[in-house]
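Labels A, B and C are assigned to the chains in the order they are written; within every chain, residues are numbered from 1.
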Amino acid sequence: MIESSGHEGGHEAPRGFLRRYVFSTDHKVIGIQYFLTAVVMALVATVLAMLIRVQLAWPEKAVVAPETYVSLVTMHGTLMVFFVVSLALVSGFGNFLIPLHVGARDMAYPFLNMLSFWVIVPGCVLMLASFLVEGGAAAAGWTAYPPLSALGKAVPGSGLGQTLWLLAMALFIASFTMGGLNYVTTIVNCRTRGMSMMRLPLVVWTFLISAVLGLLSFPALTAAAILLLLDRHAGTSFYLPAGLVFGNETLPHQGGTPLLFQHLFWFLGHPEVYVLVLPALGIGFEVIAAFARRPPFGYRLSVYSILVIAVLSMIVWGHHMFVSGMNPYLGKYFSIVTVLITVPFSVLGLNLIASLWRGRIRLDAAMLFALGLVSAIGIGGLGGLYLGTATSDLYFHDSYFVVGHFHFTIGTVTFFGIYAGTYYWFPKMFGRRMDEGLGRVHFWLTVTSLFPMFLLMHYQGLGGLLRRTYDPTVYAYNAAARGLNLSITLLAFGLGAGQIVFLVNLFRSMFAGERTGENPWQATTLEWTTESPAPHGNWRREVPSAHRSPYEYGRNGGAEDFVLQSAEKA
Amino acid sequence: METARPPASASALAAFFVVLAALTALGFAAISWLPVVASEHGPGVDRTIVYILVVTGVLFLVGHAVLAGFVWRYSRGGTPEYRPLSPKVEWSWALLPVLALTVASEVGVLVIGGPAWSQIYGETPAGALEIEVVGKQFEWLVRYPGKDGRFGRTAAELVHDVRNPVGLDKKDPAASDDVVLRGALHLPEGRPVVVRLRSLDVLHSFAIPELRVKQDIVPGHLGRTQFRPVRAGSYELACAELCGLGHYRMSGKVVVEPAPEFERWLREQAGWFE
Amino acid sequence: MTIRSSTLGTPVLGLVLLALGCGGCGGKTSVPGGGPETSGGGSAEAPKAGAKVWDPALGTAGVRGTVKLAGKAPKRRPIDMNREPRCHEAHGGKALDESVIVNEDGTLRNAFVWVKKGLESWSFPMPSDPAVVTQTNCVYIPHVQGVRAGQTISIRNGDPCLHNIHAYAKRNTEFNFGQPGGSAEATRTFDRPEVMAMLKCDVHGWMSAYIGVVAHPYFAVTADGGRFELPKLPPGDYTVEAWHEVYGSQARDVRVGDRETREVEFQFEEK
């Protein structure tokens, strides 16, 4: 372990606006930059979602064109998964929190960190610019399955739009990989004195495992994207078999198979779910501990569960392909291992609930969202059983059940993690508090619209409504299911309105929020031992050492009901 | 300081969790969302779904009840002591969810779901009717082998959307009587059916919700699926895999009729090159 | 109004510029603007710079003739429109394939005849009216037509159902868009001469149409009697070509003088 004292004096706070706020190497500035970039992308992705909902509520009005609709669902998914949740949760909070939590003055590689952010910026621009090119934005789904994504003749969005999509994804992967390397190195090598692995806050564990998963799985997507680019522009046939006919003419490709892409994509795609969900759970643990005034139930158990989830997540990707024609024995294998993931997940979920036991709960906005997150894990996790069991997935595959399910897991859990984290760490970011009243309004508007909205989608899936359907009235069998569309759309509008409250609160509080001191929540982890906002280098004095568990909540001899992790043992 | 009543926000949140869980469970239990089931293996699929509904329903209700209870009970103030748990307590607590979830989930996969899975992907029953379904943007083309009972040769180079949609080879004697229909699938009631699946362009997925059938069609691969329709009636064929701007319009008609009527209907169909 | 990618682009870009608030992101300006509405890309080949403008009203030369089919006329195949019941009923269930339509006198309909060579040194005024393609009862009307390179083509959907208009071309920019029932008319152009560009509806595989894109106004489509007429040409040496979607194309060289009309006959063969 490199003693963090090795960093002492290495940095000097930069002067000048550009070096301080734009091309900064300070992990906190970079974290906030990522966060704000994600906010912008979230605005775009939300507008796309609203257009989707408008079309579905009133399909007879054909509010959007059919080829635009497929672009909308593609880009909404892509932006939300990779450019909103990944950026805000993993890149944003990861950067901001890791050095503060492990007791380091900055990331292991500050320059690489800055580079990772400035690589994602052109990625965002390319993604958004793809709406402007001929044929419009990519339209082959966020999964970008070939041949649809490989051939411009197949759908208008597979023209320049899909190329820009692939290039932007390449930039995203490059950025995410740089970030991941930094996380792993920082967590493994830059911990302060006394910060043993089993004294790490759980959120740091989740960032570590998330980064490792990302590093292991993203290369598969990189390969998949490069091969797809070659198929599109260099005439290769990695994914394209012989005998494809467009406009009565046979394409010259031969020898490839679209299934190769599906395997490569899901080899990343499935772990990616945990790359995003685990840090949200980690934030849940931090916030619940601080607001229930109890150590999280089962620290070791949670760490081991996270590790088991990580291992399982790498060997279950095939459950996205049960109906692709895979060998039925392989389907059975993937089914058996997939449903096992519910085991460590239920342990984590129960640990979160049990952390409340005998606590003294304070329901601030951060805590409200953390508890909402616990509920969402329950719904999302249990919903996974229907899709992980091959026999029932036969019915649910590509239905709204899937849409509802993943909006609870990589949608709600992650967003609630982001919200809980924002309300909780905002004082450390800006030295001010967010408005508590607006926070509560935000929470109640969100949960009363979001939960019914995505639950109704589960019913729609049960009724057989298929996803990515521009106008579901084409079919008669789904009449009951599609009857819910108008309600869902109205709920979506409510949900969107609720988020405006958050944005107002966020930007108002940055400049006009109530000023706070070092430790407004009376929490225990190391970031609360420095001033708010934390200065360049994180601590003006010597970096604190870890002398105990990160969660000594509850009265322990002293007058207060918590003991800082940096407090020396008597 | 412990107070007698929790603050209103805690009561509200606890009530929210209880109402949410109750309404969700009610929505699943009180309304039969599933379309009628019209195939032999269908009830097996439905049984698996119902089993998981019950298992997850119990876990979901109990979990939310405990969550709501804890929120309500432990919002009353007081000052808890710092009491870390011993590893032993942790592990013994973990045993419960580990055992319960492992058993519940694997029973669903192996015991309840297994037989239906084997029925769909197992040996083809004797006497099965073999038909071919070709997916293309954005139509279903259905081919019957015609009177000779054999599928004629096809080639991609011969495909012409108007004049030869599945690419039948005129030179093959077996091809001339092959029956090709656009978007209409006729099936005999009670007889096992094997469907050969081909795609001419992109991914499609052959889905008939009432028959609980869904099978992707991957270009370059000859896919197959099998089932036995057991309930005469008119159903819908849907494409379940995004295939382009007209994906939502890639629908078809499925007619399941008693075997004699089906045979009569089939005899009346002229071959594509007749 | 129907929202298309092109309408989405502007607010998205505005939002980005606003959010990033920097001029350093000018990379976006290199992205070609506009959506499918301004498709086309390359410039028209004709008229060439310095070409003489020919006013067709002054023309005195002409070519006319007949397109015939030798051999037994193939039977027109019935089209199974069952998947679109309204269209099926509109045709009384008796819609027929339009690939080969032979008149009773053995002449061929829907052959596209045009002056392939000989007009390169002239330029011609562009008609201000658009060419029209209508989708009615799941059939393209007309099935074959000629347009000028660069002329606006107005595409209309008279049906209550979705059609997608998928254009296949070698020299021109291909396009593909959906027109749900009740959509407003759309316009597109083919900027380069090309015989033929094809329109297809992927929802209804039997629907296809052909558009001959020509740099000048001398083209015709045969109808009753298999007749075609290319009047008001400038005198000169020409190659005239007849094209048919099943039988391919044939060319004839003709020389026409002032105040002269030459008769040309094409004969395709059904084997």
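We take it that a contact is a pair of C-beta atoms (placed from the backbone, for glycine too) under 8 Å apart; a residue touches a chain by one contact, two chains touch by 3 or more.
Note that the structure is a prediction, hence the values are computed from the model and not measured.
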item	value
Chain pair that, of all pairs, has the most C-beta pairs in contact	A-B
Maximum centroid distance from chain A, chain identifier (CA atoms)	C
Centre-to-centre distance between chain C and chain B (centres being mean Cα positions), rounded to whole Å	44
Computed distance of Cα centres, chain B from chain A, in Å	28
Inter-centroid spacing, chain C versus chain A (mean Cα positions, whole Å)	49
For chain A, residues contacting two or more additional chains	66-67, 155-156, 246, 248, 471
Sites on chain C at which at least two other chains make contact	162, 164, 176-178, 200
Overlap residues in chain B, where contacts from two or more other chains coincide	136-137, 161, 244-246, 249, 251
Chain A to chain B touching residues, read off their complex	66-67, 69-70, 139-141, 145, 147-148, 151, 154-156, 240-246, 248, 250, 256-259, 292-295, 297-301, 323-325, 328, 331-332, 335-336, 339-340, 342-343, 346-347, 349-350, 353-354, 356-363, 368, 371, 374-375, 378-379, 382-383, 385-386, 388-392, 394-395, 397-399, 440, 447-448, 451-452, 455-456, 458-459, 462-464, 466, 468-472, 474-478, 480-481, 549, 552-556, 561, 563
Chain C-touching residues of chain A, taken from the complex the two chains share	40, 43-44, 47, 51, 62-68, 71, 121-122, 124-125, 128-129, 131-137, 152-153, 155-157, 161, 246-249, 471
Residue ranges of chain C touching chain B (in the complex, touch as defined)	77, 80, 82-83, 97, 99, 161-162, 164, 176-178, 200, 202-206, 208
Chain A partner contacts - residues on chain C that touch it in the complex	2-6, 8-9, 11-13, 15-16, 19-20, 25, 27-28, 31-36, 39, 162, 164, 166, 168, 173-178, 180-183, 198, 200
List of chain B residues in touch with chain A within their complex	7, 9-10, 13, 16-17, 20, 23-24, 27-28, 31, 33-35, 44-45, 48-49, 52, 55-56, 59-60, 63-64, 66-67, 70-71, 74-75, 77-85, 87, 90-91, 93-94, 97-98, 101-102, 105-106, 108-110, 112-114, 116-118, 120-122, 136-137, 156-157, 159-161, 167, 200-203, 205, 207, 209-210, 212-216, 218-221, 223, 235-236, 238, 240-249, 251
